[in-house]
Amino acid sequence: MFPWVYGFEWTAGRIVFLGIFFSVLLVMFLTVAFVFLKSAVHFRTGRAYFIQWKSLFHELPRASRACRHALTGHLPGRVCEGAFECRECSKHGELLEQGREAAIGAGAEEIMGMTVPLDRYYHRGHCWVKPLKKGLVAVGLDELGRRLVGRPDAVETPPPGTWLVANSTAFWVKRNGTAVRVLAPVDGEVIAAGGPSDDWILKVRPPAPLDTRHLLRGDEVRAWYRREVERLELIAGRADGAPALADGGELCADLGEAFPERWDAVCGEMLLDT
Amino acid sequence: MGSSRRRLLQLAGGAGAGLIFTPAPWRLLGDSAIWTQNWSWLPKTPRGALTSRATHCTLCPAGCAVCARSVGGIPTGLWPAGEPLCPAGFAGHHLAWHPQRLREARHDGSPDAAANEVEALRGRLEAIRARRSRECFAVLDLAPGRTASLIHRRLLARIDNGAYLEPPAIEGATARAVSALLPGNVRAALDLQRTKTLLSVGTPVADGWGSPARVTRALRRFRLVHAEAQQSRAADIADEWLRIHPGSETALLAGIAGILIEEGLESPSARRCPDYGEFRAALRRARGETGLAPDRLRQLARTLAREQPAAVVADGDPANGPYAPETQAAAAALNVLLGAVGVPGGFAPRMEVPAPNEWAGVPVSAIESLEDGSIGALLIDEPLPGCSLPWTLVERKLAKDALVAACAWSAVGVSRRAEWIVPAPVFLETLQDTPPAPDAVEASFRISDAFLPPPPDAIDAVTLLARLAGEEMAPAKALEERAAAIHASGNGALTKAGDAEALPVTALDSAEFWQSLKDGGEWRWSKETGGVEPARLFPPGAGLSVEPVRAAERVSGWRPAGVSPLLAKLWQESELKERPGAPRAGGSAS
Amino acid sequence: MTTALTPSMLLQRERELIRRGVDRCPLPQFLMWTAPWFALLVFGCYAAWLCLSQGLFHTNMDNQYAFGLWIFLDLAVIALGAGAFFTGFLLYVARKQEMKAVINSAVVIGLVCYSGAVAVLMVDVGQPLRAWFTFWHPNVHSMLTEVTFCITAYLTVLLIEYLPVALKNRKLCRVTRYAVFEYELHRLMVVFALLGAFLSFFHQGSLGGLYGVLRGRPFAFREGFGIWPSTFFLFIVSAAAVGPSFIALTTWITEKLSGHRLVEGRVYDTLARISGKILLVYVALKAADTLVWMNATAPARGFAARGFYETQPFGTWILLAEIGVFGLLPGWLLVSRRARASRAVLLCGAALACAGVALNRFVMTIQTLALPTLPFERPAQYWPSWQEAGTFLAVIAFGVLVYSFSFRYLTLFPQERELAFGGEKE
Amino acid sequence: MIRKNAEGKHARYGMLIDLDRCDGCGACMVACAVENNIPPGRPGANARTGLNWIKVHRIETGGRPAFLPIMCQQCEDETPCVEVCPQNAVELDPATGVVGQIPQRCLGCRYCVTACPYHARVFNWGDPEWPAGMEKTLNPLVSPRMRGVVEKCNFCHGRWHAAREKAAADGSTGNGPVNYVPACVEACPAGAMAFGDLNDPDSALTRAVAAGEAFRLLDLLQTGPKTFYKTAFAAVRKGVAGERDA
């Protein structure tokens, strides 16, 4: 094969054949090397977590990937292709420029028997973000999320000082011997973790000014919640034909208790865990 | 735990990637290559000085001259020296390493010291002597005709009631039957090299008969007509194959004889025989159905009469045993009618190899002729593979508590019946000679020298017998004495190995003669004994009848049936030859 | 994590390996399914070990029948595994988006087929430790060198293609490194699809060329173009033809065994249509090649084509079956819109096509070796030994196991989740 | 049919076998096994699994059966086995015209076995085994082969090598042809085999081949064997070479 191996001669056939073979090997090697390099670059530029989320996002069922503007009816049937990263979405930018941004409101709304405060931002993974003083924000599970999780056996929060990246893991909730990941709604440094009695779970210091373009607010929340309950019924109701979770239009308070067997599947799907 | 597992995976991955930048995998590749080429269990070829030396193959009576190519003195190949060699000869040097080779003495199947056997036999001998019974001490020589055979007879003469037994042999049966018709003590041998037509009745002429390689070389020089019920190898290569009915050999021979007489084609010497008339009368009774068309038989008879010299050989088949005496008599008679007796190209008279006068010993007895229950102790001399003999034949002759001992190359042949077995030195481990083949028309003396040391326990039968008789007699010594006797006779000439010219014996001194023989030289003595006329047409008392031949007990002459495991190439890895005794698989080549 | 692992916890852990949103049978049931295959694998490995450690006298091959069951298996399996390269080609190069539904499954099938083939080849050669000599002393004129180079390279490609599928496992994809690597690798998959198509093209062809160049075997010998005999091209076309059929067949079997819908109906239709069209092209080429061979190639070498079909059981029926029953018929069933509208007919057609290519590989291997060349020879007989059959079955078991585990823990059919959501259409 | 080499520098060893003389005694097979360290047959080995570099076939020709010794025919035109070997373990030696097998390089894929129309190649289906002690009788000029590799007749390469060394010792220079005979030729009791250099126009072999009586097996396959056969009988030629080639 190589010139120093006994019996080697440079013949046309050998040059062509070995040339092709080594080209194939080279292309394979270069491609894989490029992938490694690109991955390393993602880690260096901090995009790794977003890439991970993006990669997982495409695994989600279509129903879970609806564009926020489809929920409100501005862009009917649109499926998000940008992994809910509205900050980078040109369509979202366009709509913002058209002044289609929903406004953050006040008070709370009763949606399907759930109390949804409108004074905060909502992430598609059922976390809310509430700006606090001194540039801090509180992060907690919303009503639907709380009902889904019920009383968790444990909440595994990152230690203070951890840098969260939006759409990467914020914390884990454990129930029935299994764990479901909850997506981080914002970028920022973890300052504190709440206890079981607190309604918030993490206090985070996001980079100032707080970027909330990717979070739902105001009217969007209402449409989103309706859609989410539909989704929940679909998920919980399929396969074994279990009855809808809504009991007379109201969701049971602790899904983990009501359906321990299916909690992992349903909760995971709803919280956009894969 | 998760992170530690991840670490582990990272470590494994990193180690794997890093490994290819170390010499380890590349060395491993190289070493695996070397290892697959030099497996420790592959035999190593011998190392040492390459020599070649002339000798003779004494595995069968052909005694072909061979050149032994050796490494460090151990023969690695026997190659033809001037004359051709048969397949068995090419692998003859394997006999010493044969997997069935006996290497230690055995008593009742378990290892034992060879010395015990001598003691046991001596004790038995004393017992026979003390009882003064009619029991005898017998030696059964499964390779008769050697110088060692003469020594056996000589030593037995010094033991009370000593008897020398030969097994019934098929090879050379026609030659012996013809010899019986000749006046005086003359031996006849088939002069195959000069014959023009040969009628072979059941004889395996192409399968190790006579001097196999010389027969092969001569095969295409004469017309071979082979008569046999089954398609044997001889039938395969014969110019004409007569598919006769089983058991109709006598009828065939008698039929041809009858046609010859009818058409007046018989030789004048036959007409001069005193029993000519008696024979013609016997012939009429003997003719019978052979399965051949009368025309074909007539054609054959005419061919035999026309294409002279023509001879008939009916020795029988090793697989089926010897022919009945009347068949052998008919074959001898047909040879006389064809004028094939005492002439070149037919059954030519052959001189006997001289032996010292003082070697007179006990006479040769056929084992069948011995009285039942008369053997008190039996020593079997089985120096070579290939001997076979129905044990019932021997068993009948044994006394009630007879002791059977054997000196054998292995414990799988006839000797497996013996209580005591001692390993015998085999070909290339001892000096030995060979008896003349049935197609050897010249008297000759050729020996094979010892190239290899025999196993420590090995004793040859002659030495064993000499110890019993209280004498010292080694076979090597006997051969030297015989060579001296040949030299003293002044007859014949010696061809040294590698020389083309033969030197008259008288031109050499005795020591030089002996040394030349040991170095692969060959002594020959051919004397034109033309004009020997047969005295009779068939032996007195023999009849010719076409009673179905009795199912003979399977007996063979001594032939190296399985000298080397390499001959499996012929038996199992090709469809050339059937394993001796096995029926032909049938069909053609793959 | 200090508590002892109870069976129920074990089941829970195992369940966490399975993607959310798809239904998989409980672990004990899955283990019950795999147990016989594992047993078969162990038995086959023992048989293979006998051959590796003692020698190939354990097989019933001989100096006349130097190739046997294993080479037939290799050829058949590699032809069926062509679905991997061809589906990749259709998806990434021809941009047939329907193929997305089966591409992962196709990759696993390709990997199973090729790794199985290479494994059995390692048992089949007398000196497997010297396999790398081919790279060290390559004879570029040999079709087998081409096969070895291409299969090795393609197996690497398949492993790389399998990586993203494996890294998408529920547990593994949570590791950011893997996820990022998988994402980036997946983006460049078109490179590997192209490489795979190129390599597959050559080695499927070289496998055909393997026999086509045998001038000593007039039954197999073919004239060709340049250095490649016509069988080179026939093998490529036939492999491309049955690849999609085999994918359709395996998908259907998986659907039946798992009890879930895995792909949309039109995926079957597309696979069948493509398979059928290529199959018809193949049948036409094969028929033309047979005619040339019968009337020119073989007679020029002193062999009447008639003589090739006088050895039982290889009568003329085998040629007719190859072209008719296993060529034209499935070709028509798959191409005709009416016929393939029925799933049963479509699957019948696919099965016939797969059987046809296996028959073709059988004929090229077994009949070629059975037929005598020298005028006095008799046809050779061969029946595999249990060791050969065992190794053969081990490869099948290996394939079933790898596929079963992949199906359980990886996403072989991305549409499965969608369809479970109520068959939402895109 | 015969290529002349003007320089006469290289040999093209060939063989001529007179089928009318062969009586199938098998001496060539045994002599070949002794010379080339071919192990004894394994238990259960048969004509097709056995290890033989030369095999004598028994062929029905209607009348008397013919015996046909077949060994490697030393093809020289697009030699089937040389072409197919994936790792150059088979080579056509330009100095002798002999197709050589390098067992140390052989992978054991048996593609060459499949390619050979004469079935002249044999595979080591198991480890070579000699009875204890018999390895002392192996020919020192030839290495034993291991299991899992293919082997075949090479016109006794060990003998050729020894003859060349001897020629060199006797003062010969270069790679010119040397005189030697393979074991089977030396062994044949019937003298049915003739060996020689086809490049040497004066050799008995070349003259006999040029005389036109000789024929080759499967000539139409155009592999250019250097082993020739002859027979005076049309039936034998037809049985051996077939209708077309005869």
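Observations on the structure shown:
Per-chain residue numbering starts at 1, and chain names A, B, C and D are given in the order in which the chains are listed.
To be clear about the criterion, a contact is a pair of C-beta atoms (placed from the backbone, for glycine too) under 8 Å apart; a residue touches a chain by one contact, two chains touch by 3 or more.
Everything quoted here is computed from the prediction, not taken from an experiment.
With centres computed as the average of Cα coordinates, no chain lies farther from chain A than B.
A count of contacting C-beta pairs for C-D and for B-C identifies C-D as the more extensively joined pair. Centroids built from CA atoms put chain C at 39 Å from chain A.
Our note on geometry: chain A versus chain B, Cα centroid distance of 96 Å, whole angstroms.
The distance from the centre of chain B to the centre of chain C, with each centre set as the mean of the Cα atoms, comes to 62 Å. Across the assembly, chain B contributes 36, 588-590 as residues in contact with two or more other chains. For chain D, residues touching at least two other chains, in rising order: 46, 48-50, 57, 59-60, 68, 88, 127, 146.
Looking at chain C, one finds that residues 64, 127, 130, 133, 136-138, 141, 145, 376-377, 380 touch two or more other chains.
Contact between chains, using the touch rule, shows up for A-C, B-C, B-D, C-D.
Every residue of chain B that touches chain C in the complex is listed here, in rising order: 1, 6, 29, 32-33, 35-36, 588-590. Contacts from chain D toward chain C in the complex involve residues 42, 46, 48-50, 57, 59-60, 68, 78, 80, 83-89, 105-111, 113-119, 121-127, 146-150, 217-218, 220-223, 238-245. On the chain C side of its complex with chain B, the touching residues are 1, 64, 127, 129-130, 132-133, 175, 376-378, 380.
On the side of chain A, the complex with chain C involves touching residues 1, 5-7, 11, 13-14, 17-18, 21, 24-25, 27-28, 31-32, 34-36, 38-39, 42-43, 48-49, 51-52, 54-56, 59, 61-63, 168-169, 177-178, 181, 234-235, 238-239, 264-265, 268-269, 273-274. Per the touch definition, chain C reaches chain D in the complex via residues 54-57, 59, 61-67, 124-127, 130-131, 133-134, 136-139, 141-145, 147-148, 210, 213-218, 300-303, 368-369, 373-377, 380.
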